[in-house]
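When the chains are written out, they are named A, B, C, D, E and F in that same order, and each has its own residue count from 1.
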Amino acid sequence: MFYHDNKLQYPVRVDTPSPVFAKMLQQAIGGVEGEIRVALQYLFQSFGSRGPTKYRDMLMDTGTEELAHIQMLATAVALNLEGSPASVQEAAARENPMVAAVMGGMEPRQYLSAGMAALAADANGVPFNGSHVYASGNIVADMYSNVAAEATGRVLACRLFDMTDDPGMKDMLRYLIARDTMHQQQWLAVIEELGGYQANLPIPNSFDQGQELLEVSYDFFATGIDGIETPAGRWTSGPSLDGKGEYRVRRSVPFGEEPKLAPPSPSGYAQSQQMTGAAQAQSDTPITGRPSDEDRNL
Amino acid sequence: MFYHDNKLQYPVRVDTPSPVFAKMLQQAIGGVEGEIRVALQYLFQSFGSRGPTKYRDMLMDTGTEELAHIQMLATAVALNLEGSPASVQEAAARENPMVAAVMGGMEPRQYLSAGMAALAADANGVPFNGSHVYASGNIVADMYSNVAAEATGRVLACRLFDMTDDPGMKDMLRYLIARDTMHQQQWLAVIEELGGYQANLPIPNSFDQGQELLEVSYDFFATGIDGIETPAGRWTSGPSLDGKGEYRVRRSVPFGEEPKLAPPSPSGYAQSQQMTGAAQAQSDTPITGRPSDEDRNL
Amino acid sequence: MFYHDNKLQYPVRVDTPSPVFAKMLQQAIGGVEGEIRVALQYLFQSFGSRGPTKYRDMLMDTGTEELAHIQMLATAVALNLEGSPASVQEAAARENPMVAAVMGGMEPRQYLSAGMAALAADANGVPFNGSHVYASGNIVADMYSNVAAEATGRVLACRLFDMTDDPGMKDMLRYLIARDTMHQQQWLAVIEELGGYQANLPIPNSFDQGQELLEVSYDFFATGIDGIETPAGRWTSGPSLDGKGEYRVRRSVPFGEEPKLAPPSPSGYAQSQQMTGAAQAQSDTPITGRPSDEDRNL
Amino acid sequence: MFYHDNKLQYPVRVDTPSPVFAKMLQQAIGGVEGEIRVALQYLFQSFGSRGPTKYRDMLMDTGTEELAHIQMLATAVALNLEGSPASVQEAAARENPMVAAVMGGMEPRQYLSAGMAALAADANGVPFNGSHVYASGNIVADMYSNVAAEATGRVLACRLFDMTDDPGMKDMLRYLIARDTMHQQQWLAVIEELGGYQANLPIPNSFDQGQELLEVSYDFFATGIDGIETPAGRWTSGPSLDGKGEYRVRRSVPFGEEPKLAPPSPSGYAQSQQMTGAAQAQSDTPITGRPSDEDRNL
Amino acid sequence: MFYHDNKLQYPVRVDTPSPVFAKMLQQAIGGVEGEIRVALQYLFQSFGSRGPTKYRDMLMDTGTEELAHIQMLATAVALNLEGSPASVQEAAARENPMVAAVMGGMEPRQYLSAGMAALAADANGVPFNGSHVYASGNIVADMYSNVAAEATGRVLACRLFDMTDDPGMKDMLRYLIARDTMHQQQWLAVIEELGGYQANLPIPNSFDQGQELLEVSYDFFATGIDGIETPAGRWTSGPSLDGKGEYRVRRSVPFGEEPKLAPPSPSGYAQSQQMTGAAQAQSDTPITGRPSDEDRNL
Amino acid sequence: MFYHDNKLQYPVRVDTPSPVFAKMLQQAIGGVEGEIRVALQYLFQSFGSRGPTKYRDMLMDTGTEELAHIQMLATAVALNLEGSPASVQEAAARENPMVAAVMGGMEPRQYLSAGMAALAADANGVPFNGSHVYASGNIVADMYSNVAAEATGRVLACRLFDMTDDPGMKDMLRYLIARDTMHQQQWLAVIEELGGYQANLPIPNSFDQGQELLEVSYDFFATGIDGIETPAGRWTSGPSLDGKGEYRVRRSVPFGEEPKLAPPSPSGYAQSQQMTGAAQAQSDTPITGRPSDEDRNL
């Protein structure tokens, strides 16, 4: 279970409030790269953790930390919405500086729905969506989901860092960026501890690989039409990263035939022509898709 | 731009149609681990790719392949919905076997909305949501998002493999599982080609790490209350994976103070007591949260 | 503005309650083909109607009618949830027949969230989504959106008709199906009144067609690769329906070149390799996507 | 900021695992009446709290408690998914009891996406949606939102209590139901402390009521057509609850005229007939909506 | 299955990048009228096509073409985000022109989440939602859904055309507008080929029309209260478009009675007053809704 | 069933059109505090009402009234989008004032998707979501949901009132604010009529309170860590509002133990290390979370 104290994990200070920046910070709260997502993701991974308990406990440690980041960012939003920002100077003469701020490009619901505070939503006001809480029950799949979340999360934080000149906001972001640095390497360290690529790939490693169609397990399929080249890379030749195969490039051609579905059932209420039309359709003369050579002479 | 032929990438055959399995397959079509997601994700990463064009082209190759997987799975759904499945035998006497199937646990909208065909939705009928198309503009963040997608995707395919006894469906899944094997290692191979952990961590590696609060960049924060131990692991001591720091464990304590927000602005239309109440509230005697010792004697 | 009386537009009677059918009826309430959608769609088209007021008033008439259909269906759901359905007979011995019904395949939230009543959601419990309220401001585009809604709506109602043996439910659906018959032809009649295909196509007819690239305005693009035939149809030759062009088939080839994006900006925080990598990438030897001829020998 | 220990707030025990009940419990985790919602709602209200800090601190206390409820319920889901439930006995002979469970009516994504664990979604698998996190900045509006959440939450918990015979689950729910009892009265106690109806209504009480159209501020509008009666109640006569007015019933009639919108602008790309059609439309003869008296003789 | 080459279907050129226009273009990518929707809609209709294969193949041709339109528009977004647009000149002095652009009204997530590229979302950043992929299994219902999509799509493209002065963007839109012209008439041509109104209405034409309540199948229901006129139109008199009935106007009156629901079941956990209150409620004196004549004297 | 006339419930007049205000008004139409929500909420509560019919009828009266509010607000949006607002004066020279308005901060889809009219969406363009239609089947829970809706709705209307100087818009809002005043007290009056706190708490009052864990039914749980005080209030001591208990403060401590989940099942496809790793994990030496005393010396 959970406890709190009344302080912030790291100081949150805003020297020059900016309603536009308050809007941008929402992405780090309720966006797909945001803190609600990682907090819930790590906690749900912990709640459902099976196997060695050390990972469950570690996930609980970090999921709990992320809750504090939501708090920091929500506080930053609230502080950025206070007072009258310079960028809407021309509105300052009006009786209501909030109105001017809203008119000047802020997230309208931070005022209309929240009275100058943060929302559980992203920078466009799209509500947080729980489907981004990835907790698959496979620890390595989960660790890669976590790395992905922290990688996009740190990219986001760096972009936010570039969008502000406010020393307080920059200081807060320096802290959050550092924590993302750690978390990226924390999740990758779990994979290393578990044996790295060779022990863990392909994920899940508990599926008998003899069951899969090994013939195509290490093939790069080039899907370009005739004449389109595919670039060479680490993934086109040489040993695969799991040490169990050899990469190669292969032309992507159909192994299957045309799909053939049964005619519609009466209860499906297709048009009656769909049910009787097979014969009629056959009488149509198919034509090639290439009747003219002047194709590019617009 | 794109082209097609009229065949399937791999044969799709259903020996014993199962409407319940048709529902399960939806997760692999429109679920968060599904093929619409990876197809759009790789294509959007390709469309927005900046820098060396080889990655753009490779993403286009694989994004195009994934489109064929959507087709295979949609065909599999349609075939699983044909005829009268054994599991609703008791309904076979009714005039309409489809009805029996719907009653027997299938996804109702495959009949009601699609007339016995696939939907752009997951196994619960939740529509595909474009927010899962991760394309951050940072190639390593994107590769980790792709690995996460293929790791959860292969886990899903293995679970589906276990849910069916149908030889045709098992054969199709053997193919898709093998392709996921390749794609996991393909995305990781990009990271290797770019220099692995040392060259790429922390992501983004283009942010001047001197700007972040390095003091906490390699610290594991233990957020347990007094007396709660945190387990040791690869992430609690030793060199960090990027070779730039040393992991350590640290007690998570607040570096910040209590958050202090300004009183509500008149235009925020808080209750009037919120605007005038600071004084009154002060007069209340705070009490500790620990009045009784019989706390566990329910 | 709106008024009500206390009666139903048409009798709603359930002879044998069926919680499974109560779930199916949700699609007609809150589904994409459902009554909330058409009610709001016609009302929003009416509210925003510009130009002759007769269409505004007609939309108001029918939008108001659809509100009564929501009421009928919601009543039908509530009645189907009453008592103990035959199909969960084995649960009848338990103290709570509702529980048995929920266990037996009903929509769980009709009990858990609504206490045996209808939800503003579809047959899978996915909440109604306002983005399906199409009201474009172009009356012919709107009429086609309405025809599409009533066409899929009547298909849905026919499928529901097939799913039930209950005389009361069949009677109610006979009424709703008849109303969909009218509404399909009502919206098409508006288009006829406005002059049909010739006067209205292409939609919008107020855009100067000389501005579009007429060279491709009546061409069917065949996107199959070499060797793939495209079938002939009304849309591959002969005069176009608007009388302004001639259909023809054309091979789909690129008119454009490779897309070329600028390198990433420093503020985008791509990986540093993306910013410097163009040269390095060039040194890779491109390979064709066709290295082997044994492609189908799995 | 936040802390944790490794124990549950209250014991979670499952004597007879039931995958169907595991699905139902999801409503209490990620549903609109669920624990993710109340946890985030109280925390966001706390994070954005302006005015007396005592309410901020109290909200933090209870928001933190709710996090523990998510954990309890997620644990209950995981335990209910273990082993082979009696209700899918006929599937027990198959090699994989999980498969049987999924086939037998469980939430498929608890297996497919989570490997037998909880999701951040409701009983239909609809993901948690952050728009339900109400935090308006007005403390009494927020308290009523909280009462509504706890009232629907306790109703949900009672229904869940009725759906299970499992002693462990019943014990856990007895605890959660009791906590909802407290929380209902906790939020109402805040309103009492602030002065009750008279001091707080209408909400917000900081808007100058002289600005509103007081003429209709205490009127019940009867919207029935002629002949429809409206029932008497506490809200149709007598003093209003805020002591500032007198309830009365009033016929709902339009105070406004027909809405008149300007014709479409050329840039709106309506159909051309909409732009020129006003005159033409006028020539149509309006007809009354009452041509026949045999209206009910179907 | 699918293939690609590396070129664009039509040239995409941006002369003067505009981040605001990049935001607008999102509507044509991920909006309800956008290209992801039509691409998936035509492909899912093709994947699930039953009956004559010619429609399946035609849908595949055009679905594949639409994929190229997504690519064109995503490229257009990326190009519009490059460099420093004139409209944020005053921000040019800052070290980071991207920041200025974001501040100046662009879609924030194109920078924050995508690093200056397109998203799978609409102009407000609302993610693409798969429920707009209409594929009903009834070919005429589907064709009308497709016409509706192309009609609203061409209206959108014309509006975008009006929003830009950029010659490159105008050229691209001239192409897309022309393709929408074709697609509107392509889908309508299918209906013509299948026999037009008489052969196809009402949709589905495979439902025995004798089953519906023909008494109301061609009636326009006027829902105005007494005194409200309903305008005459093609849909109020004369033969119906399917040639099977005669339009007429009819006063909308209830055919049904008051809905009567059973009292709440104990397991529903209504308030106890709801279960016992019927008698008590009867004693209340009903009042008419018309107590006063001064209704409009505000 | 429902009827309409052609007039507005209250006059809607816009003196100086403002596209920015048209965007803000969307929150009152399709936002979580908006009119679509309350209209559908009251109507669904009425449709599903069980027990005394007077509440059903009253809900129908007010639900019908709210439909008229949607119409008023949609009309207000359309009028605010007409002509050329002063705030985009600098764009007036362009050929298309709409374009200028869109560029100047309006909701882009009001133009792109609706041709200068309202959407079924909120101020950020997020579509209305039916999950906000609360209709629990418990009348007091529903009344509190309604009070919450009207409380946040009136707060919203007051904020909108502050955002505009337009006399017509202010007049319309004065009317809507007054109606919200009534509706707040209407729903509370139902609770009073039913007996107030004592008769109705806890909700539902039909659950045998002896079944809940009364030991914690009136306890405020303080979840702060050691040293954190919790403020005193009406909810920390004295009789509970329902008269059935006594409030007290209690330290929040775990009553439960560590959650113990079974190891992963083979069919769950966890990593193999999760299945075999329990022993290995045990060998790790747990460490306390408190290795250093220099924790705050950054």
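Going forward, a residue touches a chain if its C-beta (ideal position, glycine included) is under 8 Å from a C-beta of that chain, and two chains touch if they have at least 3 such contacts.
Here is each chain with its UniProt name: A, B, C, D, E, F = Manganese catalase family protein.
Because the structure is a prediction, the values reported are computed rather than measured.
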{"item": "Shortest chain-hopping distance from subunit C out to subunit E", "value": "1"}
{"item": "A-D compared against D-E, more contacting pairs", "value": "A-D"}
{"item": "Subunit A and subunit F: spacing of chain centres that average the CA atoms, whole Å", "value": "26"}
{"item": "Multi-chain contact residues (two or more partners), subunit C", "value": "1-9, 32, 47-48, 50, 53-54, 57, 60-61, 64-65, 71, 75, 78, 96, 98-99, 105, 111, 113, 115-116, 124-127, 129, 131, 136-138, 140, 152, 155, 158-159, 162, 203-204, 207, 213, 215-216, 222-225, 228, 230-233, 252, 254-255, 258-259, 261-262, 264, 267-270, 281, 284, 289"}
{"item": "Footprint of subunit C on subunit D - complex, ascending", "value": "20, 23-24, 27, 31-33, 87, 105, 122-126, 152, 155-156, 159-160, 162-163, 223-225, 227-228, 252, 254, 258-259, 261-264, 266, 268-275, 277-278, 280-281, 284, 289"}
{"item": "Residues of subunit F touching subunit C in the complex", "value": "1-9, 30, 36, 40, 43-44, 47-48, 50, 57, 60-61, 64-65, 67-68, 70-71, 74-75, 78, 113-121, 127-131, 133, 135-138"}
{"item": "Subunit E-touching residues of subunit C, taken from the complex the two chains share", "value": "3, 5-12, 32, 53-54, 57-58, 60-62, 64-65, 71-72, 75, 78-79, 82-83, 96, 98-99, 111, 115-116, 126, 129, 131-132, 134, 136-138, 140-141, 144-145, 147-148, 151-152, 154-155, 158, 161, 174-175, 177-182, 184-186, 188-190, 192-193, 197, 201-204, 207, 209, 211-225, 230-235, 240-242, 247, 252, 254-259, 261-262, 264-265, 267-270"}
{"item": "Parts of subunit F lying in touch with subunit B, wherever the complex brings them together", "value": "155, 158-159, 162, 213, 215-216, 222-226, 228-233, 236, 248-253, 255, 267-269, 281, 284-292, 295-296, 298"}
{"item": "Contact footprint of subunit D on subunit C as seen in their complex", "value": "1-6, 47-54, 61, 96, 98-99, 102-103, 105, 107-109, 111-113, 115, 124-127, 137-140, 194-195, 199-200, 203-207"}
